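Chain naming follows the written order as A, B, C and D, and within any one chain the residues start at number 1.
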Amino acid sequence: MSNDTIDVAAIRRDFPILAQTQDDKRLVFLDSAASSQHPQQVLDAMNDVYLNSYANVHRGVYQLAERATSAYENARKSVARFIGAPSANEVIFTKNATEAINLVAQAWGRANLGPGDAVVLTLMEHHANIVPWQMMAAEIGFEIRWIEVTDDGQLDLSNLDQLLDGAKVLAFTAMSNVLGTVNPVERLTAAAKAAGAITVVDACQSVPHFPTNVVEMGADFVAFSGHKMLGPSGIGVLWGRMEMLDAMPPFLGGGGMIVNVTRDGFSADAVPGKFEAGTPPIVEAVGLGAAVEYLENIGMEAVRKHEVELTAYTMRTLTERLGDDLILLGPSEPAARGGVFSLAFADVHAHDVSQVLDEHAVCIRPGHHCAKPLMKRFDMNATARASVYIYNDTDDIDALADALVAARDFFAL
Amino acid sequence: MSNDTIDVAAIRRDFPILAQTQDDKRLVFLDSAASSQHPQQVLDAMNDVYLNSYANVHRGVYQLAERATSAYENARKSVARFIGAPSANEVIFTKNATEAINLVAQAWGRANLGPGDAVVLTLMEHHANIVPWQMMAAEIGFEIRWIEVTDDGQLDLSNLDQLLDGAKVLAFTAMSNVLGTVNPVERLTAAAKAAGAITVVDACQSVPHFPTNVVEMGADFVAFSGHKMLGPSGIGVLWGRMEMLDAMPPFLGGGGMIVNVTRDGFSADAVPGKFEAGTPPIVEAVGLGAAVEYLENIGMEAVRKHEVELTAYTMRTLTERLGDDLILLGPSEPAARGGVFSLAFADVHAHDVSQVLDEHAVCIRPGHHCAKPLMKRFDMNATARASVYIYNDTDDIDALADALVAARDFFAL
Amino acid sequence: MAGLEDLYREIILDHYRSPRNKGELETPPAHRTEGFNPLCGDEIVVYVDTDDDGNVNDIKIGGQGCSISQSSASMMSAAVKGKSVEEARQITSAFKRLMSIHETSVGGDGSEAEADDLEIDPDIKLGDLEALQGVVKFPTRIKCATLAWNTLNQAFDEIDEA
Amino acid sequence: MAGLEDLYREIILDHYRSPRNKGELETPPAHRTEGFNPLCGDEIVVYVDTDDDGNVNDIKIGGQGCSISQSSASMMSAAVKGKSVEEARQITSAFKRLMSIHETSVGGDGSEAEADDLEIDPDIKLGDLEALQGVVKFPTRIKCATLAWNTLNQAFDEIDEA
């Protein structure tokens, strides 16, 4: 193995959950795009806090509290380093990516958007990057414009300048959680900047799988979740340019986000405190910090390379084994996509496919994947989505193909 | 030991963190009002999910996802049972109590409050139950009225009817996190109801320590945090009457809270889904469920009895050992208060007291405890707060008293 | 694949492949109601035509979904067509009881747990619908099986309110 | 209590018990700035009177706080009184460097990490202030020690902007 390849067998040993069998079958976990599994190192880091150093953060002078606070703040630094943030203070911990996007849509939006303004979204957004804007549009009365999606699952940028004309916000996903499409982030942020719009990048599907540098991305805000990148549930991240964060009003009010409170009002603390009201997800942040270190040890270039190879293998194998019976949405070039495969049979519903796959201990997800406008665009109401990560290998893909064949045959007329 | 007393030594064995020593001294943890420690049972429940049954909830048909979903939903049922909620669907998981109160202030508030309206708070509120209302008052233009606090730390209800006259909301804490005062919840909710105001109870300090029945409380909304009741960080609860929750707009938008999304808008899911946008704190909810079961096994009547006894012992001991040198805020009757002791020396600042106590391995918290308006009322800028829970005993209180004597002597002129 | 045969009984696959009462009715006089399974995206459209005496004169089903939701809708349409609204509601309650609603948990969705507490006429026979009993062992699929029924109930409620 | 003697040197306790330059100045001509430590509630009020040549003619300190924040404020007032604003800023930078700001982490608060990167004149002597060096071993107390200094800096900034 060379330095830039990854040792899947060694990695799998770090993930206790993957060692289990289901009805004597090896568990084949292909649902990391929904939520990934956890290496022992992440669980150990969290248990260590609970067993040795737990206390509320930022408020005590005793040693447990000092240790908990520095563990929490070190996690912020690890995340900042992982995404190339100029300052750790630009990293705001939220409960998930959804809260992060709502924070921008609501706090920045209420302060900066008015009736007659326009927000540009793409038709391949996750509901997390649609509904918050629709809620604000209903409240404020601005227009939502849509970047369309082509038949092969790419953004249709032919009328981008026109869509951005007069827009205040461009919010888009770095990678589609349905199609696997990797979007041209830098091109989009540059176009938005030229048009005077701020950019919000939903990086839920990219940060776990690609080397990330928020400065190079050129975005104003970047949101992602810990639970899709080996971290625990209950933690997400909003990164924002300090200038933007500084100028924005807070989102949630409470303890830890103030400098002073009187009967007459409050003054908000400096960033990031301003956006972290209440007791934060302390141990979850520490877990995410450990996840980031685990990924850094593997190397994100190597992660990406592994996934491109596995994507190519998956596409080849599914075509060989199922041919025209199976539809695969999204770009046909493996290097242009992430390891997310939305599959559909003409005559078997995704829900039924998943059920048969479960009998083969193959875990995939049926449904609209929280992207109903995109599903409608492709005239579908559900796909069966398989997705890969660092612990998946070609054996998993072979098992997927076997199970898909079985599903087709089970429902054959 | 009779049935309604608790076996502190046995309980302590369940809390691995309490077995540690600091410079060869037994760790004396007296900061549970900020955040409590965790029994092994809670850590085991969470590890079990990560090691055996982790997946995103509500979206998969495979067995891991089914198990994770039912663990998550069972936690909702456990919490509902613990607080006497008529339906588990009235239990909404948030990231902390602060988010829960913001949810009400923002989502209910924007839909129901207008300029000229009034919201009544008490002067002993935590910032979490002040700042969200101040933010909305600034946005909407309603008035905030204050219930004053008497010298012995009780609510001054002499002008309650007048304050409630024309008010739309009464938001108050069930127990002060600074004074320990236990407020007359039922009297307050009844008065509010008679005046046509809804009630929001901040139960952060009461749910962990008292038997709770939300129906008997008579409130419309009740908020509390998991991390103060043996649960993990990253999880809080909003309970609301179904009628209220049903009629309210959502707070955060995204996946999991919709029934349908089109380009033109979305329709919200039924409660509780409507208020749980994005991937929830899955494992944290399971941890909270285990914490609730741990407390149920001990029995909340027994917990309360233990704390009243320990409170009486603490007040007696501190008076004996420190006499007039030490000021103790709050009610003088142990049965009228919870186990929270805000202490002040005339000449030694709380921060310095805490520092000396840390040298004695006694963990307490100095500061304003996120209740600056209350501190101002008592003309203080900080107190040293000690707080007890099920794992504390008279030895801990003796150690506290020893350390306080040492602090006084160290700074004596 | 022992478990699968429990779920996918032959009669279910038959209704899936050859759905009864598929189509649309003119509105008005018929009433149209949409139902969604928010988890998986299944959509059901129920067209129901009731007369002044409270009878279900005609019913048609549209939408897309998995074998369970589609076959359940198909069987439902056959079971309630020509019955009184009152009987149709009784059948719905009996079917939900078959799905163990009230006893087992479904998770996350308020509506299921709030299933009505009608006294169910012991004479109600579910017939073919009993084939769906296997669904109970697959908790997430219960929502698929009940989607059409919840939508029908909603349609009746809307007609009552109009 | 070995650690405690490191933190609470005699000179610190002396400044805490007998604070120098405690009080108020008339505003205007003096400038008044408030600082808060959001974590513990300490408040500092700095009154500073600068002349047209940019000298700190007078300085007074108000507010309440712990021994570290109060003694640091007291020593600061003695150190900058009569100096030029430029020198006072230099002393501030030197003091923050003593507190290891930039090298150690303080946690949570943006302001600390953004400490200015002034070239510090090697001739600056901190004198008594060196007694506060022990604070570095108690990370949460660093905020106590720097509160007055951050407030003074803010006062200078406000005067510059006016």
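The definition used in the following text is that a residue touches a chain if its C-beta (ideal position, glycine included) is under 8 Å from a C-beta of that chain, and two chains touch if they have at least 3 such contacts.
Quantities reported herein were computed from a predicted structural model and do not represent experimental measurements.
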Chains contacting each of chain B and chain D, listed by label: A
Interchain centroid distance [CA atoms averaged], chain C/chain D, Å: 73
Distance between the centres, which are taken as Cα means, of chain B and chain A, whole angstrom: 31
Distance between the centres, which are taken as Cα means, of chain C and chain B, whole angstrom: 43
Sequence positions of chain B contacting 2 or more other chains: 59-61, 65, 256, 258, 260, 351, 355, 366-367, 372
Multi-partner residues of chain D (each touching 2 or more other chains): 39-40, 138, 141
Chain contact graph, described as a line, ring, star, complete graph or other shape: other
Contact pairs between chains, per stated definition: A-B, A-C, A-D, B-C, B-D
Interfacial residue positions of chain C with respect to chain A in the complex: 1, 3-4, 7-8, 13, 17, 39-43, 64-70, 138, 141, 144
Interfacial residue positions of chain D with respect to chain A in the complex: 36, 38-40, 105, 107-111, 113-114, 138-141
Touch list for chain A against partner chain D, complex: 57-61, 65-66, 69-70, 72-74, 77, 87-89, 242, 256, 258-260, 269-273
Footprint of chain B on chain A - complex, ascending: 16-17, 20, 22, 27, 29, 31, 34-35, 37-38, 43, 47, 50-52, 54-56, 59-65, 94-99, 101-102, 105, 110, 123, 126-128, 130-135, 138-139, 144, 146, 225, 227, 232-236, 250, 252-258, 260-263, 265-266, 277-284, 351, 354-355, 357-358, 362-367, 370, 372-373, 376
Residue numbers on chain B that touch chain D, as the complex places them: 349-352, 355-356, 359, 366-368, 372, 375, 381-382, 406, 410-411, 413
